[in-house]
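Both of the next two complexes hold chain A, though its partner changes from chain B to chain C.
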Partner chain A sequence: MIKSKKSVSRIISYIFLIVLAYVMVYPLLWMVGASFKSNQEIFGTLGLLPKSPVFGAFGAGWTGTGQYGFSTFLYNTFLMVIPTVLFTVISATLVGYGFARFDFPLKKVLFVTMLATMMLPATVIIIPRYIFFKRLGWLDTYLPFIVPAMLGCFPFFNFMMVQFFRGLPLEIDESGKLDGCNSFVILKDLLLPLCKSAIFSVIVFQFVWTWNDFMNVLIYISSVAKYPVALGLRMTMDISTEFDWNQIMAMSVISILPPVILFFAAQKYFVEGIATTGMKN
Partner chain B sequence: MKKGNEMLTRKRYTYIGYLYILPWIIGFLVLQLAPLINSFWYSFTNFQLLGDPKFLGLDNYKKIFTNDPTFLQSLKVTSYYVLIAVPLKLGFALLIAIILNQNIKGINFFRTLYYIPSILGGSVAISVLWKYLFMNQGIVNNLLSVVGIPATDWLGDPRYALGTISLVTVWQFGSSMLLFLAGLKQIPVSQYEAARIDGAGRLRIFAQITIPELSPIILFNLIMQMINAFQDFTSAFVITQGGPLKSTYLYGLMLYDQGFKFFKMGYSSALSWILFVIILFFTSLTFRSSESWVHYGDSL
Partner chain C sequence: MKKTLVLLLIALLAMGTVFAAGSKEAAKQDGPVTLRLSWWGGDSRHTPTLKAMEAYSAANPNVKLEGEYGGWDGYYQKIVTQIAGGTAADIIQIDQPWLAELASKGDVFAVIDNSMVDLSQFDADFLKNYCTYDGKLLGLPTGTNVNTFIVDDQMLTSFGIDPNTKWTWDNIITEGKKINQKDKSAYFSGASPDIMRYWFEIYIAQLAGAVVDNNKKVAFTEAQGTEAFTYFKRWFDEGIVAPFSQTSLFYQKFQENPSWINGKMATSWTWVSSMDKDIGARKMSTRQFPVMAGAKNTGVLMRPSQIMVVNSNSKNKAEAVKVLNYLFTDPQALELLGLARGIPATVIGRSTLAAMGAISTMAEKATNEGIAQAGLPQSTYQMNSEVIQVMQDVIDEFGFGKLTPAEASAKLIKNLNAILATL
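Right, the complex of A and B next:
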């Protein structure tokens, strides 16, 4: 009796999870389907699969109608995102190592300050930062994204690395010291190889956030030649007529592909990484 | 572990640690602390990007509170948005995490699927998609008409627009779900077994074991989601541009308009400090209240 009751509730759970999964993914599937549909078909039918697939939308969107096509926007996004991610990894690793493995005066105060800045709303500092970058002549460049990454201005990632280093046994450092390694060699050769899951988490998060960032690119990037996909896509949407629906859907699909591919590639490490940071605070 | 602790206590100051955290120290001073102080100062001026700022005393704040109907509207909209989106998102995340935690086969598959919207949710592509899905002739109305529900103007009707925007946020429950799931895995099975032997039902186990054990993670999620939701921008900006009738005019949109459309940097700074104080108030309120509901067990 108890067993059958249990299995009934289990079946209900599965049905619920499957229905939910379908509802969650439906918009995305619809988007992919729509990019292969003719414009008449997009809103006329309910089916996900196009009845008579059209392949022109990708090509047309890619070259674009104006001076700059989607290929430029995509290239720009990589130009902005890759250095930002790279420098975030480097700075977060250094800062995390510093806080996790060394003792120095005011360390507690500094650490608490860093944690507090995690809760500092970005909107409060956005105007002075804009003015500061303007004075430096950095408007319409990607420096407002890259330089904060160099300077560890993403406390969330610093904290993540601190937590991760704390989880690694001190004996590793001690053995390195006995072998005469200095602290940087210990970090580079002994600890870093063990940090894969944390580093992948930083990469995935920062890649996705910078890739999707809209408010900052809206503020800092003004010339169309430098638009990343977020701005390019919005511009295309604003200037397009209803005849370009499938093109816009096609470009939306392309613009979400890189984060999705990265997520799947790094998934294993990524989930591990989240679990470690989520737990140890 | 013990050995490690001894070493830690014996360790003397190693100033090289400063070298490692130096990037952050510079970043903090130049790109966080200085802007914070500056924005406070700007908020008392008429700074407009060009020309020197003139000190206005409390004028900006006075105007905001007594003579700016947009501010009140935006504050109202933002409060509704935070109140709808955050609890729904977290409640959903918790529910799904609990279901997934009962030895579900294919947990990795579901976990990954549910997480995907969190990777995409903030992007313009999703906002564009949402706009198309919820248009008058969009797919949502088409689907509803199949079951006989009349077409609704999801984005054009002030009563529904904010809810439609909130759906984008709730749709991204995956990230919170992952944290809950990680927390649920840490709860010792023995605790559940003991409760079951005592004859506790599902609801009692949920209320007396699951919730207290998860409470630190609930607190963390609640605070981070709240801070983010107060500042949300992209979906309202792209999907509805704050309309119709400013019914989706989130605080972030107002800050953007004042600061970067009208270039009233001083006024916008004052608005941003008010938002800061509001966020600070709710964060500390949550922390205060947490003393009575967050339980820090030995396992954490």
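Right, the complex of A and C next:
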């Protein structure tokens, strides 16, 4: 009796979850289906599977018709995203460690200042930042993305790391000190291995955000040879002329692959990281 | 609000960069020159433009041309930021309404005169009305773009309407309602809320001359506004146009409405430049717009497809103007460019393309009929993006049935006066 009751409720909850998951994932599935549809079918119908499949969108979209193909854009994106993510991890860890474990003059003021920059809407600083990078001669390069990452200019991640370090027991540091470790060794050998999950959260978030960033690359990158995927995808989308949506859909499918693969590869740590940074010991 | 802020910043910075750039310009270069061109478009525009640029560099080896191109999304923001930062390209493609908006904030674009480009190739009124700001010619029109009324002959016939009807405001209703009477899911017009705004502007232009005149004043009376809204209320009540609840999803992209694609809507207002995209796989032809007896102005719009301007902060203004001259008047360039920017606005451009047989008869007919019917140009105030937004908001409320014609008219005039006072 009890057993069958359990399995019935389990079946119901599975059905509910499957339906919900289908609804949530539908746009993604539709995108894959749309890469095999003609323009008319994309806008004229709602179905998932193409009625009269059109092949070749992947090939045509990959080569492109302009001067540069999609492989260039993909390569450019990695060139921009990988250093940005790497330096964000390093700088966020150092800044987080500093704020969590050391006492220094004006610590509170500096911490509040850092948090304040997190609250500042990005649109407000677009033009001043643009002019700043222009004076440095960094326009049309990836430096406006990479250098701020080196200098810990992503307060969200700094804050996340601070919170994480605060959650680690001080006894760990003390045991290190007793054994004669300096503060850097404590970080490197004792704390970092415990931070793995938080670091993976930083990696995944920063990767996806930089990967999908449109406004900043639009403004800082002007030569087509340096366009990342976000700009490359929109290159042929005009308001007055017709273009093949299926190629754009096909390239969108390709462009979401790296973040998706990264997510699944890091999933175990990532989910743990999100869960633990929110908890208090 | 955001836009005003951005424009304000440009004003400040443009002034700063003008002074800063002054000293640099003295150093004239005879050596290799690199010029940047920026434009938006699709592949059908990118490829021919790049080819024409290559041809120019081949003929002028000392000039290197670099293209900065992309889609429409974000182009305006990018241009505005670049102008503010003093890094805009030497030659820039802009949309017509931006000319006045940007030029009013400072010395942004270089002045062009007859000694640089043979201006007799262009229609003088066209240059005066659309490319001139404060008496100075600041850009050149790439093509002529006019409003056109596209109709699906077959669909009209199948609902018992003569496709060759000469449309009037009355027979749009008396004939047009036959469609919705027979098929509840089909409509005479595919107008989305933004297209309804264009229809409203046409109707007001015919009644009163304009929505906002050159003196920054609302040009129609409350009674005329009520009359126009009363007329368009009949469009909704008698099933001429689909309700906004159905079309507002397709704001600025009525052609993506499945009902339109699947042939459930028979006609639309559109621009000749985007006509092919709007028609898609359907078969349609073009007609002229209804004009009421004693109309002050037909309200049919004619404007440059885009405008090419030279950045006034460019270090090589003279060379940039030469490139512009090549793109607009050289037969080789015109052949390479083809219809990348619509039917050319120059005499030589049109004759070159006609000789090549590149202009489709449909586009030619639509353009000629549109030019013949074209009304007075809209004032820069009526084309201002904030004024357009005010009109759109009232039309949205009216279309969703929140305002009666009289209320809509009163509200529109009140809101227009408020926004015009700030411009």
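As a convention for this text, the second predicted complex is superposed on the first by the 234 of 281 C-alpha atoms of A that agree within 3 Å, B and C clash if a C-alpha of one lies under 4 Å from a C-alpha of the other, contacts with A are read in each partner's own complex, and residues count from 1 in each chain.
In the analysis below, contacts are C-beta pairs under 8 Å (C-beta built on N, C-alpha and C of every residue); 3 or more make two chains touch, one makes a residue touch a chain.
Treat the numbers as computed from the prediction; the structure is a model and nothing was measured.
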Touching partner for A:Gln67 - first (chain B), second (chain C), both, neither: second
First, second, both or neither for A:Gln267, with chain B first and chain C second: first
Contacts of A:Ser7 with chain B and chain C, given as first, second, both or neither: neither
Touched partner set for A:Arg234, first chain B, second chain C, both or neither: both
Partner chain in contact with A:Ile219 - chain B first, chain C second, else both or neither: both
Superposition-derived comparison: chain B or chain C, residues of chain A touched: B
Contacts of A:Ile127 with chain B and chain C, given as first, second, both or neither: both
Which superposed partner A:Met31 touches (first chain B, second chain C, both, neither): first
Partner chain in contact with A:Ser175 - chain B first, chain C second, else both or neither: neither
Partner chain in contact with A:Pro259 - chain B first, chain C second, else both or neither: first
Chain A positions touched by chain B in one structure and by chain C in the second: 43, 46, 123, 126-127, 130-131, 134, 214-215, 218-219, 231, 234, 237
Contacting residues of chain C [partner chain A, same complex]: 2, 6, 9, 13, 36, 38, 40-47, 50, 66-74, 77-78, 81-82, 84-87, 89, 252, 256-258, 261-262, 271, 273-274, 276-277, 280-281
Sites on chain A touched by chain C in the complex: 39-40, 43-46, 65-67, 123, 126-127, 130-131, 134, 139, 214-215, 218-219, 222-224, 227, 231, 234-243
Of chain B, residues touching chain A in the complex: 3-4, 7-8, 11-21, 23-28, 30-32, 34-36, 38-39, 42, 49, 96, 99-100, 102, 104, 110-117, 119-126, 128-133, 135, 137-139, 142-143, 146, 171, 178-179, 182-183, 185-186, 216-217, 220, 223, 227, 230-231, 233-234, 237-238, 251-252, 255-256, 259-260, 265, 268-269, 272-273, 275-276, 279, 283, 300
Residues of chain A defined as touching chain B within the complex: 10, 13-14, 16-17, 20-21, 24-25, 27-28, 30-31, 34, 42-43, 46, 91, 94-95, 97-99, 101-105, 107, 110, 113-114, 117, 119-132, 134, 147-148, 150-153, 155, 158, 169-171, 174, 183, 208-209, 211-215, 218-219, 229-231, 233-234, 237, 245, 248-249, 251-253, 255-256, 259-260, 263-264, 267, 271, 274-275, 278-281
